[in-house]
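Structure incoming, see below.
Should a chain be cited, it is by its letter among A, B, C and D, assigned in written order, with residues numbered from 1 in that chain.
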Amino acid sequence: MKRDLADYPVVVEIPVAWGEMDAFGHLNHAVYFRYMETARILYFEKLGIPEFLGRDPVGPILGAISCRYRAPLTYPDKVSVGVKVTRVEKDRFVMAYVIFSHRLDKLAAEGEGILVCFDYRQNLKAPVPEKLKGRIAEIENLKEGRCC
Amino acid sequence: MKRDLADYPVVVEIPVAWGEMDAFGHLNHAVYFRYMETARILYFEKLGIPEFLGRDPVGPILGAISCRYRAPLTYPDKVSVGVKVTRVEKDRFVMAYVIFSHRLDKLAAEGEGILVCFDYRQNLKAPVPEKLKGRIAEIENLKEGRCC
Amino acid sequence: MKRDLADYPVVVEIPVAWGEMDAFGHLNHAVYFRYMETARILYFEKLGIPEFLGRDPVGPILGAISCRYRAPLTYPDKVSVGVKVTRVEKDRFVMAYVIFSHRLDKLAAEGEGILVCFDYRQNLKAPVPEKLKGRIAEIENLKEGRCC
Amino acid sequence: MKRDLADYPVVVEIPVAWGEMDAFGHLNHAVYFRYMETARILYFEKLGIPEFLGRDPVGPILGAISCRYRAPLTYPDKVSVGVKVTRVEKDRFVMAYVIFSHRLDKLAAEGEGILVCFDYRQNLKAPVPEKLKGRIAEIENLKEGRCC
């Protein structure tokens, strides 16, 4: 698992709650998106998003997200959720997620989200701010010395 | 059911979602609180709470809530959630809830919540505003011509 | 909206709950997956999935799902969620979802899910049962007289 | 906090998820019940409930639960949820909960639940099994050498 997460600069551990299982006796499929959100918010904090928003009214919003289920999760378990930015484009960037099960010791799910930069004053898509690009590069560099 | 809800001036219908069941195959016990919240918010709208807050920085916050489970709910079903104010005290009022199952045609749960009035400027409990008391009386009167 | 949903043989109406909004003041992004699940389960009922499972231990499991967000949803609102099968392959079929906002009178989100047929006895992927294919064709034909 | 939790034989740490906050920007009030459930399930495991159920078809079901809110929780935070059995009666026992905020370093909420013993074969309330009583006494004794 450590090797699989080595490529992810932000990783968060989340205990699986019994009540997150549904009537099939597995973690409900929507909960995986809650887990990815927790990792995304942590990445945003490292990006200093609230700070950016103070000076610049352009911030990322979730445009799309997907999840591919690899192995069902059940309580009791703990997951490690890794997130990284895999691509920065003109007005958006792409985040990749992995959810590892500690109990199964394997990948339980993978996801991908598209974050679109949005100018809240003008209510329009906007280019990814240069400072944000720089900060993403710094975070992604932490793991292996190269920019995304 | 109609007779049982006759005493509740605010009633909301909510479809039970399959995904709200847990691994026991019943509606998860925490979801009943979500259902009561939905009824409470609707009552607040009828009270004109946001409007009150515009003119007066005193508003109710949930101090405590309880639920007594009478019959397990399962998908598919629809519930009717009734709410009424049963008591107004100096700095708080009490709301009673009932959750009726359409499929079982009986009471599935009962609840009670305490709403404490809070002055958001002073960060202190505050007396229930007179206008709010009057509005509660109006709503409760709707059902049977007597004040709470 | 009616025209937009005409192509979807299964449509379910869901009231947006206040408590489904997150700290951004919008419907939390994971809740859209709960809404799609509600429509999927209804489609499964129309397919007679539990019945199929009684005679045949092969049933569909969610292999992947995605959502594209078009417009933020807020309470109060009601959504209509439409679902249809767009493709049947050897061991899987694809479901497309739309979520329409009644208040905004427009598309709030679109999704796509991949349902993989699974033999629960052998713990292996399995071909889509012929009876299931036939039932899908019947349901999809309901809307416009052609098979998927 | 450590002193406050000393009286609770079962304590579980739960990270507050950003997505558990509602549009008021606080942890949604229903989530406290999810947190209490997580502690309850852990206590049940220590009681060996599934094991008991294997030999004896009598098990506890949640009859009622309440929560008193002391301080609003917000992300980021971690809570410690403590649970203990405070009373055993003929056909039921009472569990008390506390939810401590690590960030606020104070009590965020207190709760109480009533667990009713139920005979799943006869669909009737049943006396608390002697073995279960004994196991509860053992767990509660762990903390301070006296039975409940």
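The rule we apply is simple: a contact is a pair of C-beta atoms (placed from the backbone, for glycine too) under 8 Å apart; a residue touches a chain by one contact, two chains touch by 3 or more.
All values reported here derive from a predicted model rather than from experimental measurement.
> Would you kindly say which chain has the C-alpha centre located farthest from the C-alpha centre of chain A?
Max centre-to-centre separation from chain A belongs to B.
> Could you see whether A-D or C-D has the larger number of C-beta contact pairs?
A-D
> Report the inter-centroid distance (CA atoms only) between chain B and chain D in whole Å.
25
> So, what's the distance in Å between the C-alpha centres of chain D and chain A?
32
> I'd like the Å distance between the centres of chain C and chain D, where a centre is the mean of that chain's Cα atoms.
That pair's centroid distance is 36 Å.
> Multi-chain contacts in chain A: which residues touch at least two other chains?
Residues 18-19, 28, 30, 34, 37, 75 of chain A touch two or more partner chains.
> Provide the residue numbers of chain D that touch chain C in the complex, in ascending order.
18-19, 21-23, 25, 28, 30, 75
> Going by the contact rule at the top, pick out the chain C residues touching chain B in the complex.
Per the stated touch rule, the residues are 14-15, 17-19, 34, 37-38, 41, 75-76.
> With touch defined as at the start, can you tell me which chain D residues reach chain B in the complex?
28-31, 33-34, 37, 61-69
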